[in-house]
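Listed next: structures, encoded as structure tokens.
What follows is a pair of complexes built around chain A, which joins chain B in one and chain C in the other.
Up next, the complex of A and B:
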């Protein structure tokens, strides 16, 4: 299995390109398809306002899914990201209310995010504890810590300058969408064409082979987690600055939504394969489905079942596709 | 699991015994200290009540020990508890099932949920971690969707016997847990089924080539995990007298922490039921001790999270040293 992953490592190779393209094309097609179908049933779904809200309100999930994709491609997992985003949003909001200069309010969550994730990455890489154990432990530490410190108190009276998400570039391009698109493109190019970006695929595909090729799997994993922390920080910022009130609790099941976006976006859970363009498209698709449920009179309480089903379908399809290719060779 | 997972598999039985005796010793010391600091702690009433509270997680920890010994994991247990609790209330209230049938139905749903996990893990070869993350979302989502976040109350009085009653002066559910522990302990230690679990965890390929029914045994342990979650849901609903769709959320943390603290290696191949029981008791006493000293419930999960990471670290470093030495 690993030898096949390795054979697909070279960028620009036909098979890999087709695989990536197909997953992304499929997602784009699904996004348009859902819009048309739901629009036929209830035209109000297609209102510009609604479509804009779907993308605007969920850009932070797409940004967090970029980091998650890298983590999964490297052969790891992180289930603490939802709690971390909750903590970072609270930190940012508290600083804003305390009257700290706005640039610090925006930068602190990024720094803390990088710090927490680098720490986790180091434990995973150098102390060789499975990522699931480390991040499950961290999830509860962050969640419990946040509630004990804040008591779940709501943060209100946020200063006007805090609302980064309200800024519109050239009067039309909202900041969250701009950041989402820019982060996706930059991350995609970096992962595809830079040596350190390729190292993530090499590590996830076959850590031992990567080591023999001069890539340090440990250093790569720490780097991936650090970047994941950065994206979690940006996500927290987008999340917090679109709210009028920050609840200072952990958004429930946020990590599941982020993992769903990464996996459905074509990031193989077996490591070594994936694309962040796909994960961003998947984040939009999931948000679109969640919104569509309301417009076709289905209770939004089903959304987690839909997410779980989507992960299962994608993962099973991915494994079967790999198996077929293996038989074919 | 993680690609970087080292080959820390060969277990020295001597170390194993030491780990658990050490843990039991720490437990005794903790008991005495907590007892000295708080006179309410070392009373029969308090300890029995802690046993009552421990049962729901304890029932899940037994099959989780099996699963982790095979090198797998089940993150969906908490969601299965939620789904089973909802199915119990829903089938009784909305489908008009008689309550005993509704209980059996809920446990059956748990079994099916676990079976589905096992089926995709063994047939399609979905990694257990991803499979159970997916069903963590799916089963919770089904519980939310079916119940529409409405709770079910007004169960008849006899239904509360399992969760609140006593038999021979001991909470009823503690008897259930006790039977579970004995059965699981014998199954793991004295049967071919148990030996097969260790064989799978130590080297799955070798186990397969030795003609062991690897897939069938795995299917059984994941199904057992689902059944235990059903049982746990019944006990839980009976104890708290109401059914909600968020029941059991976060249980995976307590369960995995108890199993890992009890000396079961997260890399598979090593572990005992006895260790899991000691781990379980320690986690419950930790919660109780913290609560008695005035720490709120939310803060205790910080400690449990730290215990999970620390005990894995310690176990893994002990293993590492032994490997270098050997």
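Up next, the complex of A and C:
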């Protein structure tokens, strides 16, 4: 049975069949399929400008989903990321308005992101408190803290130099897309080929076995959260610098969208399986569908139903796949 | 966890009703704009004149008992806004000082909490009742919770007038209402027709179809446009919650979807309007695609100064504070009594009494390139 063969192969050695059946390929087909269908209904959907806008406006979600994928692969979850992005955006914007040198304005959210997430990772790893509880606590702290400190006041009058997301490299390559693609490729290569990257899969797949093989699950979890913090910081920067106003509140349901991108991207909620190429493609697909709904005159409220449907399909497929594999073995 | 599971469950439920709702959703009346509510509308007259007063409602405000007669004599007032130190209430405070200077025998001090907290606000009002003032001006952090302390003030012979955010009617004598739904609707639609022309297409970016204020405004706009600008073509209403980035993405999608057919965008929230202006800017359509909306001036300054947005609709908080002070003076002087239909408010002229014990500030204020620099909120 082919499932037995596949399960014994190392990733990437399955040949053409496996490549076409992979989550990444399915997502790529889905992205192209949606584009063609909506394009037939309304050709304006396929205008370069519209396709670029879809990716530009949502690149930050893909970047945040990279870190989230790592966290979920390691067998954890983080529901504080949306709030953290809101807080980091506000910090960055406040520094910019205060006239702090722009390089510090850009680096501070990354540093604070790493700090907050490392702290959470340490609590999860060493105090053995489930990640969902720890990050739920952090979600409340960040959300409440942000409103208390800022009073909900918006940040306006941001200096022009602040707007990282508006920079176009060589005049054509927009920064958000560049960062999204580069971060995805680097993270994918690192997770696949480095020892510390593989340790994430080992920890999420079977922590005890990983420990016996010389991998420290605790240290891996802290490292994963720290990296997740870094990606959250980058996402916050893209999020904050694309518009001229920062709202100083937590973006509603952002954590859910990020988790959806990771899960639909093929990251198993049970841990141990998943790629960041998948999560980035999924983020693009979700953004594409949101835009498509407007083009085909469907209320954007359906995006929640569509996201929910995608999650259910992916999770059920994942569990079925696992079951078949267990039966095969 | 709970929240997460709830979202999941909600999503699942949403999916389950998808089929049914899709069938039902197709039977929407074509003459009404999406996002408006089904309540009766009362569109204003097309010309500039104010609407005829609605059916008179009897006075439903409270009374100050045992207040000393200070008609024509100097009075001391305290103003307790939701919070102090923000641009909006600095502006109302400035209006009060302007009015006090004009009137001459009024002294008004603004004092209040540094955060918009009702318990703090109650303490401030209570302190001023003990210290003794002739009148209290307030903008309530909570319409119900503030009621007992205001009633206490009335019972001690202190006059009470609200502005910006109301209490329950019987806890104050009068309330200055900054804008009515039909007034905002007229200002918005008139501005759009003036900017794009009478026969052009426009779309609306709102928070959600069910947000009460926005739904009311859209319903009134729809009714007013049908009456006064029948050729303006409504294309679509999109929801963007109160989310900056989503508003931007939705506005961008509308621009890409309609191309030349779209001549204007209405922003229905202070989030949607700047985000729509940003979308128009990024699309390079400044001057070709109009943005008219409700917003606060600070967030709109970059777009107004760049000439990308010509009309930002709101009310003038300086005028609001100014009117509140004139109303208070009229109450003390016995010139504004229950049953009155209008009151003199200095340079603002005669302001009409509506809804029993409210005073309408007048037509909404339109921030433009010429005046937006005078506001900081």
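One rule holds in what follows: the second predicted complex is superposed on the first by the 309 of 329 C-alpha atoms of A that agree within 3 Å, B and C clash if a C-alpha of one lies under 4 Å from a C-alpha of the other, contacts with A are read in each partner's own complex, and residues count from 1 in each chain.
The definition used in the following text is that a residue touches a chain if its C-beta (ideal position, glycine included) is under 8 Å from a C-beta of that chain, and two chains touch if they have at least 3 such contacts.
Values in this document were obtained by computation on a predicted structure and should not be read as measured data.
Shared-chain residue A:156: touches chain C; no touch with chain B. In the superposition on chain A, contact of A:251 is made with chain C only, not with chain B.
Contacts of A:76 after superposition on the shared chain: chain B is touched, whereas chain C is not.
In the superposition on chain A, A:320 makes contact with chain B only, not with chain C.
When the two complexes are overlaid on their common chain A, residue A:269 makes contact with chain B while staying clear of chain C. Using the contact criterion defined above for the overlaid structures, shared-chain residue A:57 touches chain C, although it does not reach chain B. Of the two partner chains placed by the overlay, chain B and chain C both lie in contact with A:302.
Applying the stated contact rule after C-alpha superposition, one finds that A:221 touches chain B and leaves chain C untouched. Chain A residues 79, 132-133, 136, 148, 253, 256, 299, 301-302, 304-305, 307-309, 311-312 lie at the interface with chain B in one structure and with chain C in the other.
Those residues of chain A that touch chain B in the complex are listed here as 74-77, 79, 123-125, 127-134, 136-141, 143-145, 147-148, 203-204, 206-207, 217-218, 221, 253, 256, 259-260, 263, 269-271, 299, 301-309, 311-312, 315-316, 319-320. By the touch rule above, chain A contacts chain C in their complex via residues 42, 44-45, 47, 49-50, 53, 57-58, 79, 132-133, 136, 148, 151, 153-154, 156-157, 239, 242-247, 251-253, 256, 287, 290-291, 294-295, 297, 299-302, 304-305, 307-309, 311-312. Residues 1-6, 73, 75, 120, 124-127, 129-131, 133-142, 144-145, 147-149, 250, 252-253, 256, 260, 266-267, 296, 298-306, 308-309, 312-313, 316-317, 320 of chain B are the ones touching chain A in the complex. Within the complex formed with chain A, the chain C residues making contact are 1, 3-4, 7-8, 10-12, 14-15, 18, 25, 83, 86, 115-116, 209, 236, 238-245, 248-250, 252-254, 256-257, 259, 271, 274-275, 278, 283, 298-299, 301-302.
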